[in-house]
Each structure stands twice: as structure tokens, then as C-alpha cells.
Amino acid sequence: MAVLGAAVALALAIPQVAGLAEEPVAIGVLVTQSPPGSVIQGTQVLDGLNIAAAMINHRGGVLGRPLKLVVEDTSGLPEKGRSGAEKLITRDHVVAITGEHQSSVCLAEIEVVHRYGVPYVNTNCWADAVREKGYPEVFNTSPWNSLVSEAMARVIKDMGVRRIVAFAENTDYGIGQAKVLEQKLKELSPGTAFTYQVVDRTASDFTPTILPLRTNPPDMVVTILLPPAGYLLMNQLYEQGIAPAPRTWLFDGSGISDYPDFWDNVKAAGKYLISLGFYHPRMKLTPFGVQVRDAYVRQTKHEPGRLIFQAADSLLVLADALRRAGSTDHAAVIRALSTTRVLGTRGTITFTKGHGATFQQWTGIPYVVYQFTDVRQALEETRLIAGPGVALDVHRLLKP
Amino acid sequence: MLFLDLTINGLLTGTFYVLIAIGLTLVFGVLKVVNFAHGEFYMAGAYAYVLLALRAGWSPWAALGGACAAGAVLAMVTERLLMRPLYATYTTWKVPKDEYAVLVTFGLSLFLMNLATQVIGPQSYRGPSLVQIPRVDLGVALISGQRLAALGVAALVLAGTVAFIRWTPWGREIQAVAQNRFGASLAGIDTGRASLVVFALGGGLAGLAGALLAPLYQAYPQVGALPAAKAFVIVVLGGMGSVVGSIVGGLLLGVLEAWGAAYVSYAYQHVFGFLLLILVLLLRPWGLFGERAREV
Amino acid sequence: MATETRQLRATLALFALLALLPWAVLQPYWQGVLIVALYYAALAVAWNLLAGYGGQFSLAPAAFSLLGGYTTGVLHYHAHLSPLVGIPASVVVTFVVGDLLGRIVLKMRGPYLALTTFAFLAIVNLVIANSYAVTRGDLGLSVPALPLTRPQYYYLFLLVLAAVQGVTYGLLRSRVGLFIRAIRDDELAAAARGVDVVRWKTRVFAITSAMSGCAGALYVHFSGLASPEMGTILESGLVISMAVVGGLGTLPGPIVGAFLVEAGAEALRQVGVRHMLVFSAVMILVARTFREGIWGAVERLLGAPRVLPASVPGRVPEESR
């Protein structure tokens, strides 16, 4: 983090040296930096935003001024997201807000931006509810639950799975995705029985609720939980011999394998995990995407996860809108955002004019489904089951 | 079968609860006050374990010892700095003492939680496992290697603590002071030292529990809040001041929670303990093994 | 009593100052901070009545602000009832629940009372946080804002604080006030003199709970969100520390404490220090050194004698010195 901070500071200094000592354009950032929210997510988003900001400032910033990120910690709590948004708007006078990665907090924040008419780019809030509100200030570069659930339902249908037990975290994201998955399965795979258990994202011991699965194992367990609870659940499912197991697949719908601390936390429990993800090394990246990836690898020596790209895209979209609007006026930026057509990290980003779950949503988000066949396996070596240019083929899956 | 699985798991969790509760009940027995900062001794142990093992490179077993020491030292400092007024005018104090203890220990709890957040940071740390075996098949149940090892340590330490209280001179002093502080001081027992020892013991045990559970429950500023709350339930259930009561109470709570979570409601599993606490305080405030005559 | 008139005058002066504040503070952000301070002040005044004057050291004040907030929130979210129905409903619900809790803890003192109220707070918090279908659990309930500007909100909250303070003062001045203090100082003796202990103890519990519930209901309509975060032990701790630091068992103390802690919190945040760290330390110090908080120190400076009842913390009985 210090390295990235230094990079940003350096990048910001360059325009100064070049004589562009103008007042920076303030972009508000709301992320989780403390529990009970997912801190690892917040860190990834912030890293991605910082990399993109450095790159944009290196090329001269926006409107001849450098970009400045003003960060507020939400702790993953809607109340703090709300007060953070208020602070950013009334005290720091930000031009726009982005970065949010937890659906429940998004829902609280969009009320605030809607009241003040401030543009908002949703970085990683998956809940359909965020779009269904139909607020004109909100633009979604993030994946959404219906997309994920439909993709998962197709895979499940092809696998011919008969009984699924899912665990969903008690947030708008978790419960939202469980409900949509249930609905999509009814449509696409009516022969599959699906039940889900809502669990507290702050809980540590899931043993009482997973023990019944020992005596009555389902064909598949689906996890819809962010870290740290997600890691704990996976470990305990493994310890109790429930999933992944010869009788039971483990399918994760939250992109949990994407975080740099995934293997340190799950170790043996991650082998045979089937994962739906939004980044895979075999995915084609645009030149911008390649630059972002290279910058991240240089700074952290890690392969990036999807949040890095999602965050970079959020900021890129804002910078592009600012340029086309020619001003920092909120209404002008919102108008410019609605006509976005910019090459992001993984493809061209545009926002639909639809309604419901795809209101002002980038619907062209590429995704992959893959399976780990070994512990600490690098993403390149995983088995790709579906993806851009790869037809869905469940026969490639390995049974534990 | 599920029932057996649950019971075994419940007993396991219960054993760790006992570790935390014993310290609290001993402190109550000797000082007649509930220490609301007890959960922070647990937190101190969890942090010590995690930081010593991850940052200072100690082996997990050595870090366990460090965690015990951390809990004990913190407890002793608490006793010296904050608990003195409770004995200074012990015989003449009645009501103010109780409120004083509540305010001071509650304030301490808030202070320590925030201190941890300020100094160490709000993120959680997962401690390393004591042993690297992920799964152990016991025939009737599957249990993780870490849990089994932690259970072994906890059981040994508990046995040692009971032996200490029963059979060593210091332990007997503690018993004497718990029974009658004034009388004990007349008999020549250094009551101040007895208080210090009992605090150190309680803090050390709580710290050990924090360390043993760090691989599962992790270390973060508020990690001690729920274990402390469980400890309160156990101490009241078992009877304030009764070591046997804490053991029985702890195991009982662990099992009841496991059954409740699986058969009644997983979402409300923590509520059962608190409901039990209120029930006991209403109907049988001296608990299962406590002294009847104590004024509530 | 000189002390009482002094406290009354100080309280009135305080309210006069608070009434003028919105003219000095014009930024909406800071006005928001002050409104939140008023919310906490109301909670602190209520708790002070229960614990400082009544002697019942409950750890559950946050439970009632939480219940108040959620009553109006749930009524709006599910039954679409306006705040005009929701807020009075919150007062009624918290009054009833407070009465119930008061009855449960009737025979308890000290740590047992603290433990029971602690357990009650935990239960309320857990139930609300886990009943997703009714309360949306962890995520909070979206609550409509009242059609008021910031300054108008400020005066509304100030009005409520004045009402709460007024009820407190009126109660204390009346016979009931004598009963309450008699019960606090020596329950057995009070009962022997014919004070209906049961009635007054539960009544005080119910009234202070209703005050907290009202404050909670107003707060959620201001912030637009009812969330379980309002009802954690840390929130209770905040309220208690405000009352203790400001001056337990005094009239202006809790208000002074609330503003100090809230304003102090903002100031400390600028320098990156957690405000609760400082205030919990101050709270410990105040309790440990038997000081009477800020207001007590002020009174001492003004030369007030130490004529203090025996069983309020910080008041060491004369005979044991």
C-alpha cells in the first residue's frame, strides 16, 4: 500500500513539475478498510484505483488537472457508507464517488448521491437491487447477481446436479444472489432441488449448520460468502469431509478465489473448487488492461484479481466522462456518463438504457468458470470450463 | 449420527469456554466483582499469539506461552492500578463498590478495544495452527487437527488449574480469601497477593484461550466481546466463585448451543446463552453450584 | 439547595447557548455533527436519570434507542406508516419494554444488574441483526427523512432534549424525585419508610427507556437508516462515558459530556486518534479518582461543598476516608 501511495504521490507530482500546478479534481472513494466488512476487497479496490489514477495523471490528468482520490472507510457498514458519502459530498466537495464493493453499503450510498445529484460509479456491488432503484446518478461497471446466477445455473444444468445446498451471507449481495439463483435454476434446470441457508458474515463457527450435511450429503454445495467468513466456511466444509468430496461438488459464486490471500487461508480446502470468476490469465486484456496488470505485478509481485480491473475501469469511465463533459459540474458529468463508450481493461464499456437489473449497466462483462485441480495452483493451470471463446464443457471437471 | 456429532462438537467448544470462564469466576470469588474487561485479556492473548508467531517468528507452541503471559501481565496491571480501591475500605464499602467496579472495568474494556484498534489496527489476523494436520478421523466424528491439539492443551491446563487451587498453598490462600476476606487477613494471609495471583491466573487462562482459538476466531479488537459474554453466562449458570460450576456450566453451554443451533435456529444461536443468563438470574441467581446466601 | 439552583441555572444557560449555536455554525456538515451530539445528549440525560439519580447502572441504554429506531423503521418499511405514527409508537414500545426490563432487574444490584442489562442488550441486538425478513438484519432499514432543513432538525432535536431534561428536572423536584433518591441511597430503608420501591424503580426504568426510544426514533429519521450498529455495547459505552465524564448525578453534566465527546471526537479524528480511546481513558480516570466529572470539577472550582449522597460512584462515604 505504501508503495502504491508513493506511486500516486509521484504521479501527482509530475504534473506539478510540468507546470500544471492546478487544484486537483477530487474523486470520492468509499471502501472497506476495517471489519466487519471485507477488508481484503477494499484493499484490492483501492490498489486498482491508485494504479489507474497514477496512469491517468501521468498522461496529464483530467481537464488539465490531476485526479485526487479522497478515501473514506465504510467498514462494510451501510451507516458508515451513508455518513461517508455525506462527508465526501458536503465537506470534501467531490466531483463523483466510486469504489464501493459491498452491495448493502452501495444501497445506503446511492440514496445520498441521489439526494445530492452526484455521479456514482458502482465498482463491485452485485445486488440487482442497486440497479433496480433506477437512480440516474448510478452507473454500474460491476457484475450483477442475475448475470452470475444465470451463468451458474447453466453450468449446474449441464452438470445434471440434483440437490444443492447453498450458504449465503446475510447481506443484500448474499441473499440477493441466493434468491436469483433459486429463480434461474427453476427456469433453466427444474430438476434441481435448491435450498439455501443464510449465515452471519461475522460468524466464525459454522459447524452446527454444516454438520447435518454429513449425514445427508447433497450433490453440490454453493458458497455465496465473502472473506473472511467464506474462507472459514470452506475450511470447515473440508474439515468435516463434506465438500469438495467424492459425493459433493463445491461451487463458489462470490469470486472468492480471486484474492491474494485465498490460498494462505484455505490451503487444502481449495482443491477441486469450481469457481465463477471475472478474471483469468487466459482472458484477453485490452492494452489498458495489460498496463494495469503489469503495474500491479510490478508493485506487488502478485497476479491481479478482478477487483483491480473493475476498480481501474470505474476510474477510467469517470475520467473519460469528465473529459467529454468538459467540466466538473455534476449534472454534466452524469449526462456524459450515460453516453460512455470507452475501451476499459477487458473490453469496450457502454451502459445500457434498460431497466430493472440492467439499468445503466455494462452488460458486456466477460466471465469464466474454472476449477482448481491442485493446492496453490496458479490460475493459468486451472481447468477452464467456460469463458470468452471457450464453450461450456462440464466434462472437463474433475471429481474429487 | 447428527446428535452425537453435535454433542461432541458442543463439548469441544465448551471446553474452551471453561478456560475463559474459570478466570472470571475466580476473580468474582475473591473480589466479589464482575470484571467487564475479562474479554480483553482473551483479546490480548489472541494478539500476542498471532503477532509473536507471525511477526516475531516464534513457534506456535512458544507463542502460546507468550499469550498466557500477555493475558496474565495485563490482568496483573489491571489489578494493581484499578482494583485497589475495592479492598482499601472493603469492610465499609457496600453499594458504591459495585458501581465503581462496573464503571471502571467497563471503561477499561472500551479502552483496551480502542487501544488495540489504534495501535495494532482494526484488521483481523489469523494465527497459525499448532499442528498441520487438517483432519483427524476419530471414528465417531471428524475434527480438525488444530482443534484436537487445542483441546489437549486446554484440558491439561484446566486440570492443572484445578490442582493448583485445591492443593497448593497459594491456591488454598485463594480459597480462604474467597470464603472470607477479613477472616483470611486475620489469619495472616496476604489478601493483596491473593488477589494479584487470582487475577494473573484468570488473565493467563483467558489469554491462552484467545491463543488456542486464534486460528479459528482470529485476533481483532473486538474478538473478546462474545467470549466474555459467554463467560458471564457460564459463571452465573455455574455459580459465581465455583470452579466446578464453571466447568459444568461451560460444557453445558457448549452443548446446549450446538443443539440449539442445529435443531432450533442457527441464526439465533447466540441468543440462547443470553436468555439462559437472564433466566438463571431471575430464577436461581446463585447458579448450579454457587452459595445460596449471597445477596444479589 | 445551592447546588441544585446552580445546576439549574447552568442548565438553562447551556440551553440558551445551544439555541443560538445554529447562527454561529453554518456549514451543513458541522450542523449535522451538532444534531448527532443532541441525540447523544438526550440518551445521556436519560441514562443519568436512571443510573446517576436512580442508582440502576444499566448497560442497556443503546438497546432502547435501537428499539425506538427500529419500531418506526419497521412500521414504515412494512406498513408504510408515516413518522407521525412511527415516532409515538416507538415511545410506547420502548416504555413497555423498559418497564418489563425494569421488573426483571428489580431485585438486582451492581454486577448482576449490569450483567442482566448487558444480556438484554445482546439479545435485542442479536435478534434485530438476524431477523433479516423483518429488519433486513445487518444492512439496516431505509427510513424516510422528515421534510426539514438542517437547522430545523437541530431545533427539533433541541426541543426533544429540552423536554427530556425538563421531565428529568420535574421528576427530581417532585416527591417522586425524593423517592428515587431514597431508593438509590438505601433501598431497604426507603421501603421501611413506605416508599413503593417496585413502582418507582420500574417507572424510572420505563420513563428513561421511552426517552431513549424517542431519541432513537428521531435519529433514524434524520440519518435515513436504522442499523444494528446503533445498539452495540460500544454505543452503550459511549452514552455511559458521556454521562460519567460530564458529571454523573448532575443536571448539566450529561449534556456537557455529550457535546464534549462528540465535538472532541471530530477534533480527534482530524489528528487520527480514536476518540473512544481518549474518552474511555477519561472515564476510567474519573471513576478511579472519584471525581465527579467535568461538571463536578466546575462546581468544585466555584466552591461547592462536598455534600454528596453515599451511593453515587465518585462519592466516597465520609466515614471511610
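As written, the chains take the letters A, B and C, and residue 1 is the first residue of each chain.
Convention: a residue touches a chain if its C-beta (ideal position, glycine included) is under 8 Å from a C-beta of that chain, and two chains touch if they have at least 3 such contacts.
As the structure is a computational prediction, the values presented were derived from the model and not from experiment.
For the pairs A-C and B-C, the count of C-beta pairs in contact is higher at B-C.
Chain centres here are C-alpha means, and the one lying farthest from subunit C is A.
Centre-to-centre separation between subunit A and subunit C, using Cα means, comes to 41 Å.
If you average the Cα atoms of subunit B and of subunit C, the two centres end up 31 Å apart. Residue positions of subunit B touching 2 or more other chains: 117, 267. Multi-chain contact residues, meaning those touching two or more other chains, occur in subunit A at positions 198, 200. Taken residue by residue, subunit C touches two or more other chains at 130, whereas all remaining positions touch fewer.
Residue ranges of subunit B in contact with subunit C, taken from their complex: 28, 33-34, 36, 81-82, 85, 89, 92-104, 106-111, 113-115, 117-118, 225, 229, 232-233, 236, 267-268, 270-271, 274-275, 277-278, 281-282, 285, 296.
The touching residues of subunit C, counted against subunit B in their complex, run 51, 55, 57, 59, 104, 107-112, 114-116, 118-120, 122-123, 126-127, 130-131, 233-234, 237, 240-241, 244, 273-274, 276-277, 280-281, 283-284, 287-288, 310-313, 315-317, 319-320.
Subunit B makes touch with subunit A in their complex at residues 1-2, 5-6, 9, 13, 117, 121-124, 126, 134-135, 142-144, 216-218, 220, 222, 257-258, 261-262, 266-267, 269. Only residues 77-80, 82-83, 86-87, 90-91, 104, 107-108, 111, 170-172, 175, 198, 200-201 of subunit A touch subunit C when the two sit together in their complex.
On subunit A, the positions that touch subunit B within their shared complex are 33-35, 39, 75, 197-200, 204-205, 207-209, 211-212, 214-215, 228, 232, 235, 238-241, 265, 267-269.
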